[in-house]
Every structure is written in C-alpha cells, then in structure tokens.
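Shared between the two complexes below is chain A, which pairs with chain B and chain C, respectively.
So, the complex of A and B:
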C-alpha cells in the first residue's frame, strides 16, 4: 500500500525545484516567441493581400487543431532529415511558441477588432500612416482588453511544458521521470511535480484575475 | 522511399492508430460531459461542502498539466490500490482534465439563462429537478455548444498524450513508424494531416450542425 517516504522527498526536492526553474524558463521563452509571432500572425491577417491573409489564416487553424506533442516531434525530428539539427531547447521553444502564437493571434485579433471604427477614421483624418495608426492609436487600445486572455495562455504554456520532456528538455517532468526510473519510486516524484505545478499556476491565475479586474475598473469597463 | 509507397506500406498502422485515437476521443468526451455537468452543477449548490468539493476538483485538474495527471493516474494510482488499464487510464484522465475546463462553461451557460425563466418555472410549481431538466438545461445547451466545440478540439489534441503511457493511438503508431524508418517528415506529416482532417472537416462541421439543430429546436434561428 501507500508509503510516502519523507527522507526520499527531502532528497529529491532540491532537484525538482531546480528543474522547476527550467520549466519556468521554457514557459517564459516559449511565451516570448508566442507573443511576438502571434502579433505577426494577427497583423498579417489584416493586410490588404488576400493570399497572405488566407495563408496565415489557414496556418493558424492548422496549428490550433493539431496536437502540440506531434508538432514538437515534427519540428525536432524533421530538421535533421534535411540537414538542420536543432537542439531540444530550440526545437521545443519553436514548437511551443508557434503553437501558442496561433492562439494569441486570435486574442490580438479580437482586441484589434474591438477598437471602434471611428478611431481608424480619426487617425486617417489627421493623416497618420498605417504603421503610426497601429503603433499609437490601435494597439494601445487593443492591448488592455486582450491582457487577460494573454495571461491565461501564459498559464496554458506553463502547463504544456512537460511535453518538452519527450525530446529531452530537462524540465520538471523529465527530471521526475529520471528520478522515478533510478529509484523505482514514482509516488513522490510525480506527486511533487503535481504540487509544484499547483504552487506555480494557482497564484499566477489568481494574480491574472486580480490584474484583469483592476485594469477593467481603471478603464471604466466594469462588467 | 516515395511517399506513395510509404503510405501503402504503413496505412494499416495509421488506420489502427486512428481508430484507437477515435475510441479514446469518444470515451474522453463522454467522461468530460459527465464530469463537467456534475461539477458545474455542484459549483452552484447551496451547500458549502458540495461547492468546495467541486472547486477542489476543478482547480486540481486545471492547475496541473494533463501529462502530469496522466502519469499520476497510470503510475501512482496503483499504489493506492486502484490499478487502471492503460487504455482506461488514458481516456479517463483526458476526460477528467477537460471536464474541469468544461465545468466553468456549464456554470456560465446555466447562469446565462434569464432570471424570468427560473421564476416562471417556479410559478408553474415545477420541482427543482424538473426545472433544471426541462427549462434551464435545454436553453443552457444552446449557449454552451459553441465554446464546447473548441473544447472538443482540445480533447482530441489531448488524446495524443495517451501515447506516452503506451496506448497504441495515432501518435504512438506514428512514433513507431518514425523509429523504424527515420522518415520523420512523412510519418509526422501524415499524422498531422489526419488530426487536422478530423478537427477541421469532421468535428467542426458536426458541432456547427448541432448548434443549428439545437437553436432551431428551441425556437431561436
């Protein structure tokens, strides 16, 4: 039956906490890629070029409707076939960044479409260029309502980083797997991984909710 | 090997894997519907204990990764005396994980049914169970279907993780083919396309059709 070994717990906890650092690093790195690439996807869908809009739209749909795990394998293994060798970290960050860029582009799109049409017309009337309009008028207004959605995907990315263990990124899950295999004990490592995830994601989610509420109140958008 | 030959050689394994994936998906959806409905209703109960139980379930599954849950259910739960077969552990975990996300949808949809509907049902002397079954849930169903469609796609994607506890689904077969042939682009590319076809050209149209049927049934077109 169940026997939780406390000394074993203390022995492995430092390793797991160090690995949690890698998990957060992977989540943070993937998020940076996603935030930037997502904006590119969102803006590309608003260009006058119909072909570009169509291609990016389909790409976003494709990425969103296929499993991240499969995308990770694809990016990691297909490169070498064509002579391009990616490290697990690079492949992992690209895969996770691309996957979440597709989701974030939808968040941005919603934010941009929510900016009233009059803002575009006014910007045009005072002779702002398109890039000026985006930079100085549209994005500053589109961003705050989108922040809550963006925050939720940060938590989402964090929870998807364990998938990187399959290509050998030494994050939490990977470390727990190797501890389990070395000691033939899975109870403590896997349970601790779950608890560490809770300890990171619950406060983050709580903070995002508070931040969103405060932001909405500040902007006069109370629901 | 040309792609045609590749497909001919390995189509059996892709098909076997796809069937297992569909089985996992169908069962996981059932578990998710059940879990979401129960915990969504529990979240609105009068009793504080019942609400707390639902909150614990929802936060536990939403706060951790599906992969962690899967390993936990498969490797740790046996230590408590519950040994699950890998196939069962797979769809059960995927279903419970996304059921926790669905619970919030259920609660939101039920709360979005106008106040007057609740009062009218009360005025007609319906019992709470009758009111829920005959008045509230059918209307909530119409609201919940669009976001539930997105959740269904997440469930389909989530089932790919069961390959990591060696359920022989599409993802698993694909990895095996890749390990045998080193034809990564062909193997993973084919699997990507199969998942995409299911999500985009089968699941999404079915959900759209369901939305239309339900909206018509309830007199909102």
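So, the complex of A and C:
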C-alpha cells in the first residue's frame, strides 16, 4: 500500500536539496580531477618512454578492473597506514577522480588516435614543436569526438557519488539514509533522491549535447 | 655492419654547394629496400621532378627531407649542412630533435591530401607557423598570409574552414601555408593526385608561377608527365629505390635511353 506523507515530504525536502549541493560538488570536483588526470594518463601513454607507458597503462587497467567502492575504502581506511590521513571529502574526490580519470584517459586516447596521421605530418612540416602540435592541432581535433564519451562519464560520476556515503560524505544518499533511520520512513527520502538525481542528470545530458553541437560548429568540423 | 662515416663531410663547402644532397642514402622497411644508396644533388633554384612506378621510393625521398622518415644509412645535406646528422666532437652523429627542428625550418612541404588543419580558417592555417614557430606578430603574420593567399587566388576564401573548400582550393591554401614559413626548399608530394581533373590546373598554375617568379628549390613527385615536362629543369626516373635515369625533361621524356624508362613512359602515356 502506497502511504505517501506530504507534510513529511515538505519537511525533509530542504535538507535533501542542501545535500544535493554536496552531491553536485562531489561530482563536479571529482570530474575536474578526472578530466585533468585523465589527460595526463592519456599523454603519458604516448611518450617515448616505454617504462612510463607501461606503468601508466597498468595503472589504468588496474583502476578500471577493480570496483570504485573498494578504491574508496582503500584510500580512506588503508591510506592512514601509509601515513595518508585524508578527510572523507578529500579521499572521496581522489578516489572518484582517479577512477574516472582511468576511463576518461581511454576516451582521450581514442580521440587522439582518431586524428589522421596527416595532421601530425602537416604540423611537423610547419615545424611546430611536439607540445604545440598537441595543444594547437591534435587536442582541439580529438576533443569534439571525445565529448560524447566525456559527457557520459560526467553523468556516470554523478550517479556514483552515493558511494561516497560509505565514508561519511554528507551527499544526497547519506542524508536520505540518516533521514530514513531517524524517522523509520524510507519511501519519501529515497523517492526524492531519485527525482533529484533525474532533475540534475537530464539537464546535464541536454546541455552536453548542445555544447557538443556548438563546439563542432565553431570549429568548422561540420558544414 | 658498421657504416664508415669518414666518407661524409661535416659540411659542404666550395662555390657550388648544392641546396640538397643525398649521399649514399639507404632506407629499408624490414626486408624491403625502399632506397638503395641514393645519390642526388639539387642545386639552388632548381626544379627537380621525380617520376616512377609506385613503390619505387619517390615519395620516401621527399618524406626523408621533411624528416617524416628516418634513414638507415648515408647522409642528407640541406644548404650545405647535414640534415639527418649533426656535428658533435668533430664527428657526424645522428641528428637530435633540436637539430632536426632547426634544419626543418629550411623546408616546406605540400601533401597529396592537403592536410589543412580543419579547425582553423584558411587564414589561420597560414598564420599558425609564422606566429607560433617564427614568432611573428599577429599583424605581420596576417599580412604575410594574406599576400600569399592572394597569390594563390584564395584571398576571398580566407575566413572559410577547409571543409567548405574544394580539393583544389584546399591545396592552394596548403601551398600558401607552406610558403608562409619562407622555406628554401619546397616539396610537392603528388599534390594533384587527389584532385578532380577539372581543378588540377588551379594547382599546377600556382606551382608554375612559383617556378617563374621565385628562386625556390623544388622537388616534386608527380604522375603528370606533361606538367613535369613543362616546368622541370630535370626529371629523375626512379626504379627500385634508385635513379634509373635522369636528365632534362625533353631528353628523358622524349628519348629515354633505358628500357625501364621507356616501358614506364609508354605505360603512362597509354593510360592518359
């Protein structure tokens, strides 16, 4: 029997909306870490150093083949044994950022490998340096095709932020859990959590599509 | 087998220094020998055309000069200085990246598939190198680029991205882009092969005007025998990684001495 209490709903909504701010902060912060670290991972695998390529390749594989939840626990609970004492927020952002950096590095790698060989040769023919070639020629062309994949992972990271509740980050899921535990009511908080996630991820996905189109047009990659 | 480097001078000196010299250059891909002890001198201002069947190593010659390919043995000199090597402790050693970059400034190249930067307008394509490599100001680079785009008849399309240009138009922009770097040597690698027949003359007339008006040294790989005959100072026929025969175009193309050259030319003539 569906027994929805409206007054309870109104009572808990402000708390959940406040927690949604934390969820977005965690997703946004983790994504910034992932976007930058992912590029580092991708470029590190393209250097002439075989050792570096090998180490980064294996690290990426390792991160991608183990659960995010384990990585979160590991950094937060095992870290202190190696002198790495982090707050839940810091540990959470590092874990989620590292995890998604591994995925994003593959997206970047695909994008970079899709740039035709002739572009590298033309860049060399006008004598651009390697870093200029990446910054001015290759990455601008690798980015638009990578954007769809990057957008998917932004939504993905948002949906994975509830895992940070296990180490006590006060994001949406954590708040809904404690509301439920205090009031012995779970229907309203969890339903609201679902709706709030929808309310964040749908516009995000829409915005990414718009941005992708606008960027392609601006760069002259579509007619 | 250790290659004896003492046969190669550290620097070419004298009053007749060639702009480009290939000295005993060999290139292999695994078991396949692409270039087999190539010797070729190109003097300043000379237009040399390379013809030959596919796989004869003709494109490799240009790609090596542009440092897009390494060589296995021998030395290439540009403007009297070694390109593939550099002098260290009075000996020739393999060129490092810095030396290659310094030497590359003397060379420009146009490609079969143009390879314009698709995210930049025609003008920005031509300004990229001058601004970011030569260190020109935006204004200077813009002026230089516009002058060259005008010369290749593309000034009115300066703000278009490559995707809006035809093949012939893209190739003309690519020529302007290469010239904007003020190279001493220009390389044309089958620049008309990817073009529709009706636009080939757009590009050949630009190259013709370069031959007439500039003292550029040029190497061109082409399948257009007629064009080669018209503008070249010398034509080299490549066969199996070597120059089988070379000479002035009217002699090599009209009265070839070697049987291979005769066979190749008659096959090409029949195809046209």
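Just so it is clear, the second predicted complex is superposed on the first by the 207 of 223 C-alpha atoms of A that agree within 3 Å, B and C clash if a C-alpha of one lies under 4 Å from a C-alpha of the other, contacts with A are read in each partner's own complex, and residues count from 1 in each chain.
Throughout what follows, a contact is a pair of C-beta atoms (placed from the backbone, for glycine too) under 8 Å apart; a residue touches a chain by one contact, two chains touch by 3 or more.
Computed from a prediction, not measured in an experiment: that's the story for all the values here.
**Q** Could you say whether A:88 touches chain B, chain C, both of them, or neither, answering first, second, both or neither?
**A** neither
**Q** Specify the partner with more touching residues on chain A, choosing between chain B and chain C.
**A** If we count touched residues of chain A for both partners, the winner is B.
**Q** Would you check which partner chain A:122 touches, where first means chain B only, second means chain C only, and both and neither mean what they say?
**A** Once the two structures are laid over each other on A, A:122 reaches chain C alone.
**Q** Under the stated touch criterion, which partner chain does A:197 make contact with: chain B (first), chain C (second), both, or neither?
**A** In the superposed model, A:197 contacts chain B only, not chain C.
**Q** Does chain B (first) or chain C (second) touch A:168, or do both, or does neither?
**A** neither
**Q** Of the partners chain B and chain C, which touch A:141 in the superposed model: first, second, both, neither?
**A** second
**Q** What is the contact status of A:110 with respect to chain B (first) and chain C (second): first, second, both, or neither?
**A** neither
**Q** Considering only touches as defined above, state whether A:149 meets chain B (first), chain C (second), both or neither.
**A** Once the two structures are laid over each other on A, A:149 reaches no partner at all.
**Q** Does chain B (first) or chain C (second) touch A:28, or do both, or does neither?
**A** After superposing on A, A:28 lies clear of both chain B and chain C.
**Q** For chain A, which residues belong to both interfaces, chain B and chain C?
**A** Common to the two interfaces on chain A: nothing.
**Q** Using the touch definition up top, name the residues of chain C that touch chain A in the complex.
**A** Those in contact with chain A are residues 66-68, 101, 104-105, 107-109, 111, 113, 115-121, 128-129, 132-133, 161-164, 174, 177-178, 181.
**Q** Would you tell me which residues of chain B are touching chain A in their complex?
**A** Going by the criterion above, the answer is residues 59-60, 62-69, 71-72, 75-76, 79-81, 153, 156-161, 163-164, 171, 174-175, 178, 182-185, 188-189, 191-192, 195-196, 199-200.
**Q** Residue numbers of chain A touching chain C in their complex, please.
**A** 116, 118-119, 121-122, 124-129, 132, 136-137, 140-141, 219-223
**Q** Taking the touch rule as given, give the residues of chain A at its contact with chain B in the complex, in rising order.
**A** 1-2, 61-62, 64-71, 73-74, 77-78, 80-82, 159-163, 165-166, 173, 176, 180, 186-187, 190-191, 193-194, 197-198, 201-202, 205
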